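As structure tokens, here come the structures.
Two complexes are shown next, each including chain A; its partner changes from chain B in the first to chain C in the second.
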Partner chain A sequence: MIRGIIVKQLTKAARLRGPGNVAGVLRAAAALAPQITIKHNYSSKAQPKLTSELYPSVKRNPNYKKLANEDIQFFQSILTENEILQANDKEDLAFYNEDWMRKYRGQSKIVLKPKSVEKISQILKYCNEQKIAVVPQGGNTGLVGGSVPVFDEVVLSVSNLNEIRNFDPVSGILKCDAGVILENADNFLAEHGYIFPLDLGAKGSCHVGGVVACNAGGLRLLRYGSLHGSVLGLEVVLPNGDILNSMHSLRKDNTGYDLKQLFIGSEGTIGIITGVSILTPPRPKAFNVSFLAVNSYEDVQKVFVKAKKELLEILSAFEFMDDKSQQLTKHHLAGVPHPFEESYPFYILIETSGSNKDHDDEKLEKFLESAMEDGLVVDGVVAQDETELRNLWQWRELIPESSQCQGGVYKYDVSLPLKHLYSLVEAANARLSEAALLGDAPKPVIQAVGYGHVGDGNLHLNVAVREYNKQVEKALEPFVYEFVSSKNGSISAEHGLGFQKKNYIGYTKNPQEIKMIKDLKTHFDPNGILNPYKYI
Partner chain B sequence: MASKQLRILVPVKRVVDYQIRPRVNKAGNAIETNGVKFSINPFDDIAVEEAVRIKEKNKSLVENIHAVSIGPAKAQDILRNCLAKGADTSTLIDSKDVQLEPLAVAKVLKEIVDKQKTNLIIMGKQAIDDDCNNTGQMLAGLLNWPQATNAAKVEFVDSDTVKVTREIDGGEETISGTLPMVITTDLRLNTPRYVGLQNLMKAKKKPMEKLSLKDFSNVDVQPRLKVISMEEPKPRAPGVAVKSVDELIEKLKDVKAI
Partner chain C sequence: MIRGIIVKQLTKAARLRGPGNVAGVLRAAAALAPQITIKHNYSSKAQPKLTSELYPSVKRNPNYKKLANEDIQFFQSILTENEILQANDKEDLAFYNEDWMRKYRGQSKIVLKPKSVEKISQILKYCNEQKIAVVPQGGNTGLVGGSVPVFDEVVLSVSNLNEIRNFDPVSGILKCDAGVILENADNFLAEHGYIFPLDLGAKGSCHVGGVVACNAGGLRLLRYGSLHGSVLGLEVVLPNGDILNSMHSLRKDNTGYDLKQLFIGSEGTIGIITGVSILTPPRPKAFNVSFLAVNSYEDVQKVFVKAKKELLEILSAFEFMDDKSQQLTKHHLAGVPHPFEESYPFYILIETSGSNKDHDDEKLEKFLESAMEDGLVVDGVVAQDETELRNLWQWRELIPESSQCQGGVYKYDVSLPLKHLYSLVEAANARLSEAALLGDAPKPVIQAVGYGHVGDGNLHLNVAVREYNKQVEKALEPFVYEFVSSKNGSISAEHGLGFQKKNYIGYTKNPQEIKMIKDLKTHFDPNGILNPYKYI
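Right, the complex of A and B next:
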């Protein structure tokens, strides 16, 4: 994503200078440089510890076969040289073994990147027979350690399945391979006047299949609803190698159980999604973004109610951020102007999108004026052009990266009733202070910050740390889960369970539900070869 | 300058937003403007910011900042943003769909300069739609004023002497001049501020004079150039991945790059 921003800025510089002036372009780029100063220490530089060392209580299941030469020969018999990556002196497979946050590190020695669904089917059939554990992997942008191996599982990446299969410009139904990068899918749709009904910070890396497998929520759920509604069909390879195909893409089909729903949010535990058929809405022609400052979380809720009523059909995002999250981001995004010189307790980003700019402008303006007059909004800015619009979004979208760039981050993504949403952040800060873990170096915790999708009752609690540390983890877990459970919330709103939250499902689901989930897992994957040690 | 008061004029242009990829229309003679987002020309935004900063730094020096735009009625949106950012007054000259060439724009602006008793003009060095980079120079010529183009830094030495650091190929050039003068802005001059809500509301009460090209019947705005055709640049050939340095050198030799 960061790379994307830099390229765009340079293109902008080039265009501003006009063609045929190389020196000028370079100078313009230099002139823009302050705007794009982003410190490139995404995460703790030290290689993460092996997951197996960090969590000694998790043991390798001895029922799984250890990869032997004959297995590799089998893979080589169906895959070409380019479709197999093996660990050796030059290649440590860190890209596939480590998660994006560098919190988990598996020990896989082989990555398979098949170029066809049939090959995936053959591989799974073989692994199932041989009881070889497999981790399905997409863009590896997951936040709960769900997409990386824990021990020596075979990594099966769908990144080579990356073709758009079909698009119907009348119905807006897109059919594509699972490995298509979300942003590429969206750019393709943009050419046809449509939009992908999901948007999230990792769009430049994450895969369409991956977002379906973990039922990602993202920034526009408020407008376009969850993937359970927009996905019309899936192609899934089951653990025994069978290919389940429901790509027929009917909007209405009440014949039998809606099987595809089981795989949406299954995190690769009962099948590998290889194809997605999804209903895409027409792309709005006009976007507006406004960034507001308010004095309390109470006022955040009031502005939300007002926005829903007064902006109604054009409201497409309503995000809130606390001041601490902005302080962290300012540190990280040096050079991009923050909308406000002063600090306020809370900030709101409102996006509207519609078909008529004049109509939207008028509506938004009226809403903002009356919110100011009511004293709800104490300060605010509106983007006057595309660049400002993107810059304002950055102050929300780059919080996750900013919270981890000084060492690491513990991320909690929870659903809570709106009135309790922010109290979790306050409680977490209080607890970390009491435990004397929060403060200036050498204390491990920099700050617990809160932001998220008010529209969906979804809070992101990010605990920015200087280093990953067992004491911090113990202070936070199961404290956070207990807190959420006591307020009848969910311990995973959109990130999923993965490895991180496997043991905590009981805080949200009751024993009956858990039993049914386990039964289903056993039904589809009796040998338990898919994505083991996770989910349930 | 007897009064020691600055009257700044900032001409601004409404152009296709620079994040939007411009496309040639079906007739192949102009940029497609239907359903395209328009915003203030980024260099003009920098000019507005500079005028406002000068005023903020030297309150007693600046009497008025006047923003002017020649364009369709919609250009009032960008003028209103200018007022919100700190311009005091504004003029919209409605040109309907007529695209004026730089010389015509400079002539119309000269009339405004006379009317506004302007003694400092700050404007973008070029508009990103046609990239002409002419208007500032032509206006200075018509007025017979000194000009400092491509400004990267503007400093007041005293109330009527300005030192301007210019972007030039291979470095910078610092020049100074006395008012009245024309300054055109380059990218590095400043980073424009956001439009604040409160100021946007206040801006509604600030004056916006509305004129049309008919009010400038003494000015010859007839086009002198004819666009014969407009084409998009040829798409770049896709790149190739090479496996070794030897292959790279071979390929480079094939295309006579080395």
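Right, the complex of A and C next:
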């Protein structure tokens, strides 16, 4: 256990208090692993404009057939009533047409929710022959408008494919339907002493299949690596309706090109993932979380290098937050006390996880002592129990929601070499100030804040706004992408391309890469029926 | 440190002795990580027959142009004298025509060793236009005949591309040429406190690019995962000569299909890897190795599950060996004492690595005590210093060489669900006995032995023979593949398909997968000039 003397050294003025007033956001979890669920919360926000109105330069592709009665009859011939939703007086299909951020709104009049892979196969075969455009949809928690229609595409939701298929407690290999909610999968694994090798804020809504289709990164990537390493097999319905059954459960298999890799991160453009086989690690028995204050981004980097070397095998998250992000979160969590009474320029959240609490405590303690002696860490707290641990995590995990709650947020999720990571936030604020867009109301921008997974070189730049506004968008794009490109970063670290970033891929990928990506799209989906107007 | 009382408990009769007499095999390493290098050793073995004679049903594809003077003149126009080797009275190019196992022999008359990526690009562009078949070659340590010509293909070796390009000590990202020898890369990393996330016996000869092209698994996969997770970028020359510069150094990048994944494990059939960008982890400070005796394969599995849960974050290798493999190795290392005087049915080698030796010792000690109390482990030794650690590893690492040294070896590298892993070895011995092929000389088969990476579900079945023999091959193939297929395993866990397994992919992959793999081959290499007669 963390000993009293160290806690005293670390906490100085600030001590963690009780569970606070964040009801409805934090919930009891199946195990110690921090789990925070962000819920859809449409009610308080205005319905977005139609995407077609907001982006008049994007035109409906006339090659796609407009849905006719005969098509609906075909769908009705293979699906039951419960598997089809049609727009009518009572139902505008808003949930399926609008993205979680309420930035995009499509006009689909029909949502198909097949209960079997074979039905999905029949639907895609038909749509491919008839040239009917289709948007695959999982939990619809994507952040780049990739999972909602742009015009009248048919929405094909996998939410009715939601069974755990198989779990082997010796190897830790889980096989499940694509529509299983991530949190449900993780709770199931917890019962068997295993953990899903990925965690993210939307886990209560997002689907395992969607997570794979978007190659989500999330909070455990530092420890468990990317899905390209942990996914062992996929079942995918191809655009022509063929079913690729590649649900292997082998950790090693060098027989041919690794087909599944192409679908990881393909955002539903070349196939619909219907099943996932994934290697899951044993659930750690001990978790520690410490929340640290540092004086500069320079010091954030130094603490990271030090943590990587000294905490090595037990380091499972290294997140940083700027003070501006904490101010927004304090505002959102009105009354909930922050770990520190004073403000500091930057904060770091370090999570360790391992098999022996005493060993982990000792390592963390030694590391923190040394980091304070070096003057890198100026204040810090260590969670003493599960409640405190969750409370510390909320100050990182609720930033997205806090950035959005005063009107809206422009989110940029970029990869940058570590040394340049924070300079983008400074540059964005400078630019918005110069353009007289940032400040008190009625100026549209509240603040650009930065936080993210330092361990993965992944910055989240959130521009909190009072309303979505073309001027702000113009000030930010392509400015942000140009900045990232100039530092050889990626304009999408983990959120994907979707609708939002389709036209900006050239800031990260070169013409040869783009050509090859386009050629593969055509190779797999010659009629282009899957998730059009997006990705590439 | 491991305390005396425990060592006593564990070692019983057997104690580890000095470094033994394995000169020339073990060598001083740059750091504590166990490193054993297997050297090419042609001299003692007969030159293999020509592949074309051994496999008369495989015909040279007449669509490929036979090399003419004009072609050689073209190569000479872009390459210097040192970059071209031609067969003549003194030079038969045996090193490039024969595989390490001496099972295959091609008839190439020319080896190109360009010193730049641009030259490789020019060569492939020319060969593609002229329809000249090309075999890409790295360190030529492959085990399935994938890196040598079958007929008269031009050998294109990347061995002259052998520079470290860049290393970032903050992120741990290494960029290097494909022809850098794996051991050199690891030694370089050791100087900076990092480690190559893959290790294998051939590390003194194999190339980083070859390792990626073959998606090698090796000894550290249990800890660091597969190359699909750790490779961040590649530079590849495509069959038409185009250079795909995808040398990204970002841990996260979700902008388009992950092109590099297709080349990882493509065995030189759709492009020649010329550069690799890879994420490397900090080098552990502490290594422990224990060598355990167990009574049954059932107990091997139980010890594995226990180790995975109790050693969790510090477990870095879990290897098993049957007694027959140890008998062969004892014969090969004549006079070197085995860790145990008595024989046991199975042995396990467990390696841990971490940041704190005391913690690791304590975890290992507790685990071993408990495993002995449970009756799972019947005897065991723990290395007390680096020399002992290396000596223990040799009993696992020298099995391949020991299997081969009495004449030859048929190697099968398969993935199987853990419960079926060892049954293949028993089935193979039974079959060879029934066919009256196994026994004392002059019977061709000495023994089928089993060992491998339990942690990865990866069995190496080695059939040690006094000579290569068609009857033995017929008894083993497709028997082994059928067995693996019946258990939903993979006929190639880590060695790849190459020439040996080209016709057997159907035992692991289904027709839809095979069709997609073939389509991708055609998509990337419509003239089929790269590494023909192999893979698919």
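Going forward, the second predicted complex is superposed on the first by the 491 of 536 C-alpha atoms of A that agree within 3 Å, B and C clash if a C-alpha of one lies under 4 Å from a C-alpha of the other, contacts with A are read in each partner's own complex, and residues count from 1 in each chain.
Rule of thumb we're sticking to: contacts are C-beta pairs under 8 Å (C-beta built on N, C-alpha and C of every residue); 3 or more make two chains touch, one makes a residue touch a chain.
Values in this document were obtained by computation on a predicted structure and should not be read as measured data.
Asks: Touching A:107 in the superposition: chain B (first), chain C (second), both, neither?
Replies: Once the two structures are laid over each other on A, A:107 reaches no partner at all.
Asks: Taking the superposition as given, does A:387 touch the first partner, chain B, the second, chain C, both, or neither?
Replies: First partner only.
Asks: Of the two partner chains, chain B (first) and chain C (second), which one does A:266 touch, if any: first, second, both, or neither?
Replies: Only chain C; A:266 stays clear of chain B.
Asks: Which partner does A:86 contact after superposing on A: first (chain B), second (chain C), both, neither?
Replies: neither
Asks: Identify the partner contact of A:433: answer first if only chain B is touched, second if only chain C is, both if each is, neither if none is.
Replies: Neither partner.
Asks: First (chain B), second (chain C), both or neither: which does A:492 touch?
Replies: After superposing on A, A:492 lies in contact with chain C but is clear of chain B.
Asks: Quick one: classify A:363 as touching chain B (first), chain C (second), both or neither.
Replies: It touches chain C, and chain B stays clear.
Asks: Going by the touch definition up top, name the partner, chain B or chain C, that contacts more of chain A.
Replies: Looking at chain B versus chain C, the one contacting more residues of chain A is C.
Asks: Once the two structures are fitted together, what part of chain A is touched by chain B and by chain C alike?
Replies: Looking at chain A, the two contact sets intersect at 285.
Asks: Contact residues on chain C for chain A in the complex?
Replies: On the chain C side, the touching residues are 168-172, 193, 214-215, 217, 221, 225-226, 228-230, 242-246, 248-259, 261-262, 264-266, 270, 282, 284-285, 301, 304-305, 308-314, 353-356, 359, 362-363, 415, 417-419, 453, 456-458, 488-497, 501, 505, 508-510, 512-514, 516-517, 519-521, 523, 535-536.
Asks: In the complex formed with chain A, which residues of chain B make contact?
Replies: Counting only chain B, the residues touching chain A are 17-20, 35, 37, 39-40, 42-43, 45, 77-78, 81, 126, 128, 131, 133, 152, 167, 169-170, 186-188, 191, 193-198, 200-201.
Asks: If you look only at chain A, which of its residues touch chain B in the complex?
Replies: For this pair, the touching residues of chain A are 8, 12-13, 15-16, 18-19, 23-24, 27-28, 31-32, 34-35, 285-286, 290-292, 337, 339, 357, 361, 365, 368-369, 372, 377, 379-388, 390, 392.
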